[in-house]
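The structure's right below; bear with me while I get my questions together.
First chain written, first letter: the chains are A, B, C, D, E and F, and each begins at residue 1.
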Amino acid sequence: MKPSSNTDSERYERGWRKLQEIDGKAGERVIESLDEIAPDLGRYTIEFPFGDVYSRSSLDLRSREIATVASLTTLGNAQDQLRVHIHGALNVGCTREEIIEVIIQMAVYAGFPAALNGMNAAKEVFEERDEEGTE
Amino acid sequence: MKPSSNTDSERYERGWRKLQEIDGKAGERVIESLDEIAPDLGRYTIEFPFGDVYSRSSLDLRSREIATVASLTTLGNAQDQLRVHIHGALNVGCTREEIIEVIIQMAVYAGFPAALNGMNAAKEVFEERDEEGTE
Amino acid sequence: MKPSSNTDSERYERGWRKLQEIDGKAGERVIESLDEIAPDLGRYTIEFPFGDVYSRSSLDLRSREIATVASLTTLGNAQDQLRVHIHGALNVGCTREEIIEVIIQMAVYAGFPAALNGMNAAKEVFEERDEEGTE
Amino acid sequence: MKPSSNTDSERYERGWRKLQEIDGKAGERVIESLDEIAPDLGRYTIEFPFGDVYSRSSLDLRSREIATVASLTTLGNAQDQLRVHIHGALNVGCTREEIIEVIIQMAVYAGFPAALNGMNAAKEVFEERDEEGTE
Amino acid sequence: MKPSSNTDSERYERGWRKLQEIDGKAGERVIESLDEIAPDLGRYTIEFPFGDVYSRSSLDLRSREIATVASLTTLGNAQDQLRVHIHGALNVGCTREEIIEVIIQMAVYAGFPAALNGMNAAKEVFEERDEEGTE
Amino acid sequence: MKPSSNTDSERYERGWRKLQEIDGKAGERVIESLDEIAPDLGRYTIEFPFGDVYSRSSLDLRSREIATVASLTTLGNAQDQLRVHIHGALNVGCTREEIIEVIIQMAVYAGFPAALNGMNAAKEVFEERDEEGTE
């Protein structure tokens, strides 16, 4: 297990581009909201999830967003992050129908309340995108 | 919202075939273990998750298993079901590398302990399949 | 484990009547809110929880609602559903005092914050019913 | 909200009798296992859950145990305590069929894996009681 | 394990003083909000957490509040209680920087969404205290 | 929010030393167990939690371990990691009594079953250390 030789600023820049690709403005706003109180947490959020994990090659971005929407629907206490990643899933090529399917499936594993609350998040995201004229 | 006109036995048979397709023997054993104590829960487990949800057309089975592995790794208290669905994911076309990726990604959303315990489940499944000579 | 021979529309109708009996208007609204985005999830919510589970005979409805209020207070991330089922518990014969007792007891198993948040939900439901003049 | 004037030893004795009534030997063993490492946690477990909560009058013991089995099945990470309280539920008048019903119902709120694992706990308890010749 | 001979009113008074010391007005408001619906839960919240647990001598109050902020950030479904205990942590000598550190660390164990939502709670508390001119 | 200029190998080495300081052999074993299946997750576990988070200066290590024991007791589904960090807490200066206190306190926030299961983990760690003659 040899550590790689990335510098943190390489991770940061790679992560920032990946965050933009996936979450667009919504992702940026999460990071900015940390600027005054905990900029390091903002930096970690770019470096580790996006610079390290989402930048890996063995799984396509669409599959990654499916996994994240499933995980956040299961947790049930991270509605803001779920909305950001439903946007993300649509941005990287998932259809609305596929997101609805993933959330329905969570009724099996995380229970009906988790699925119903996940669907509310999807509804809000779809309406927001309808207003903006985004797919 | 018109209810469909499936009979329960159609749902059951469709679910049973789907369960076989995804989970093979491991899925059957779960159902059999319920035979004496709560056969109805066994029946529901075939009818609703497999007959209703996994049989839907809007999402491919590989994506469904990615969502399930993500959800079960996030819950962290369903190791038996996680192992069954890691088998399932491999049975429907995920690679070992992709499963490892999904579990690594859960470190971001559900924390490192959830990812580490998910990886233990994967390790056990891969060893089992190595012994059986399955991919 | 012989599958039953219900058609889905029998399950749906039985479930719809049971939903009305337990949750009245509040339950209907949950289903309607799914009409545009995921009518199938609305249908499943009627068919499986209400058509299959709540329609079973081996446990009285009052005990079922006690179990549900306990479960939703424990989860702590499903306040809307908790309010719907506190209404439901009262509709099928639980007293306000009994609901308060169940929520207090959850302090033992799910912790004091879960119990305090459950009690807030109860408070809102009781006030709503006071305004409507319902018991 | 006037504090009552119970002494702790009254709470302790009342709690101990209640624990005996509900959980019998299994409850005692939990307390004894804490004797060397954290006797105060053992004492609190008798005083607060059993001396304060389970001794309250506004809800019958059978309903209390239904709520607890529901809560522990939902948590999914407290199998030992779930087994103790399935014994408890049977000791205070629940039937095996009713316990099975409560656990099946948790498939709706906490998901199928929680219900399946809860049913495993019930199976172990029923087998143990069959061996002992207890109902 | 000999039960102590405190009367409940001693526990209550000790708990009330401890609640005041840690949470000040915010703690009082939680108790008052229970006055009409479930005064007994209010009383238990003073007696067990504050009268019994926080009054114990083997751990300093600052460490206790660190443990509580960690636990509530991990649960992720108790934002009100988290805000109360971030106030509490500051009241008993934690610095803002230390609280930020504890919440960042939770990204490791409970995941990034839990840490981000915990940080939002901290932000609100710090702004409130800035307005009041409290440290 | 300027990204720092650490290379990953600096983070890795700093993290490895920190892991050794806190968790000793137990931490090493966790990493080694990942060597064959997911060495990158092992590397991330060193780089992010230990190289980034635990190496920060604004909170002393003893407080960090208190926060981690609280978080893992609350999660309740990460007993292996809880045992590793109870060792860690003792290694960096917490007393056994303080660890017991943190776990007792979790009865308030995460419920009694979480506290009881946390105490079992502590018991196993203390016995292991007694055998080794470690404090």
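As a convention for this text, contacts are C-beta pairs under 8 Å (C-beta built on N, C-alpha and C of every residue); 3 or more make two chains touch, one makes a residue touch a chain.
Predicted model, so just to flag it, every value in this text is computed and none were measured.
S.K.: Pick out the pair in C-E, A-F or A-B whose interface repeats that of A-C, meaning over half of the contact pairs match by residue number.
M.R.: Comparing residue numbers across C-E, A-F or A-B, the repeat of A-C turns out to be C-E.
S.K.: Could you label the subunit C-subunit E interface same or different, taking same to mean over half of its residue numbers are used by both chains?
M.R.: Counting which numbers both chains contribute, under half are shared, so the two copies meet through different residues.
S.K.: Using CA atoms for the superposition, what rotation angle relates subunit D to subunit E, in steps of 5 degrees?
M.R.: With C-alpha atoms aligned, the rotation comes to 180 degrees.
S.K.: Suppose chain centres are the mean of their C-alpha atoms. Which chain sits farthest from subunit A?
M.R.: Checked the centroid distances; the maximum from subunit A is D.
S.K.: How far is the middle of subunit A from the middle of subunit E, if each middle is the mean of its Cα atoms, in Å?
M.R.: 31
S.K.: In whole angstrom, how far does the Cα centroid of subunit B sit from the Cα centroid of subunit C?
M.R.: Result: the chain centres lie 28 Å from each other.
S.K.: Measure off the straight-line distance from the CA centroid of subunit B to the CA centroid of subunit E, and report it in whole Å.
M.R.: Those two chain centres are 40 Å apart.
S.K.: Hey, what residues on subunit C touch two or more of the other chains?
M.R.: Residues 40, 44, 48-49, 53, 56, 72, 75-78, 81, 100, 104, 107-114.
S.K.: Chain contact graph: line, ring, star, complete or other?
M.R.: If you draw each chain as a dot and join those that touch, every dot ends up joined to every other.
S.K.: Where on subunit C does subunit E make contact in their complex?
M.R.: Residue positions touching the partner: 75-77, 100, 103-104, 107, 111-117, 119-120, 122-123, 126.
S.K.: Taking the touch rule as given, give the residues of subunit E at its contact with subunit D in the complex, in rising order.
M.R.: Its residues touching subunit D are 1, 3-9, 11-13, 31, 35, 39-40, 42-44, 47-48, 52-53, 56.
S.K.: With touch defined as at the start, can you tell me which subunit B residues reach subunit A in the complex?
M.R.: 48-49, 53-54, 56, 58-59, 63-64, 66-75, 78, 81, 97-98, 100-102, 104-110
S.K.: Going by the contact rule set out above, which residues of subunit D touch subunit F in the complex?
M.R.: Within the complex, subunit D touches subunit F at residues 30, 33-34, 36-38, 40-41, 44-45, 48-49, 72, 75-78, 80-81.
S.K.: Looking at the complex, which residues from subunit E come into contact with subunit B?
M.R.: Within the complex, subunit E contacts subunit B at residues 107-114.
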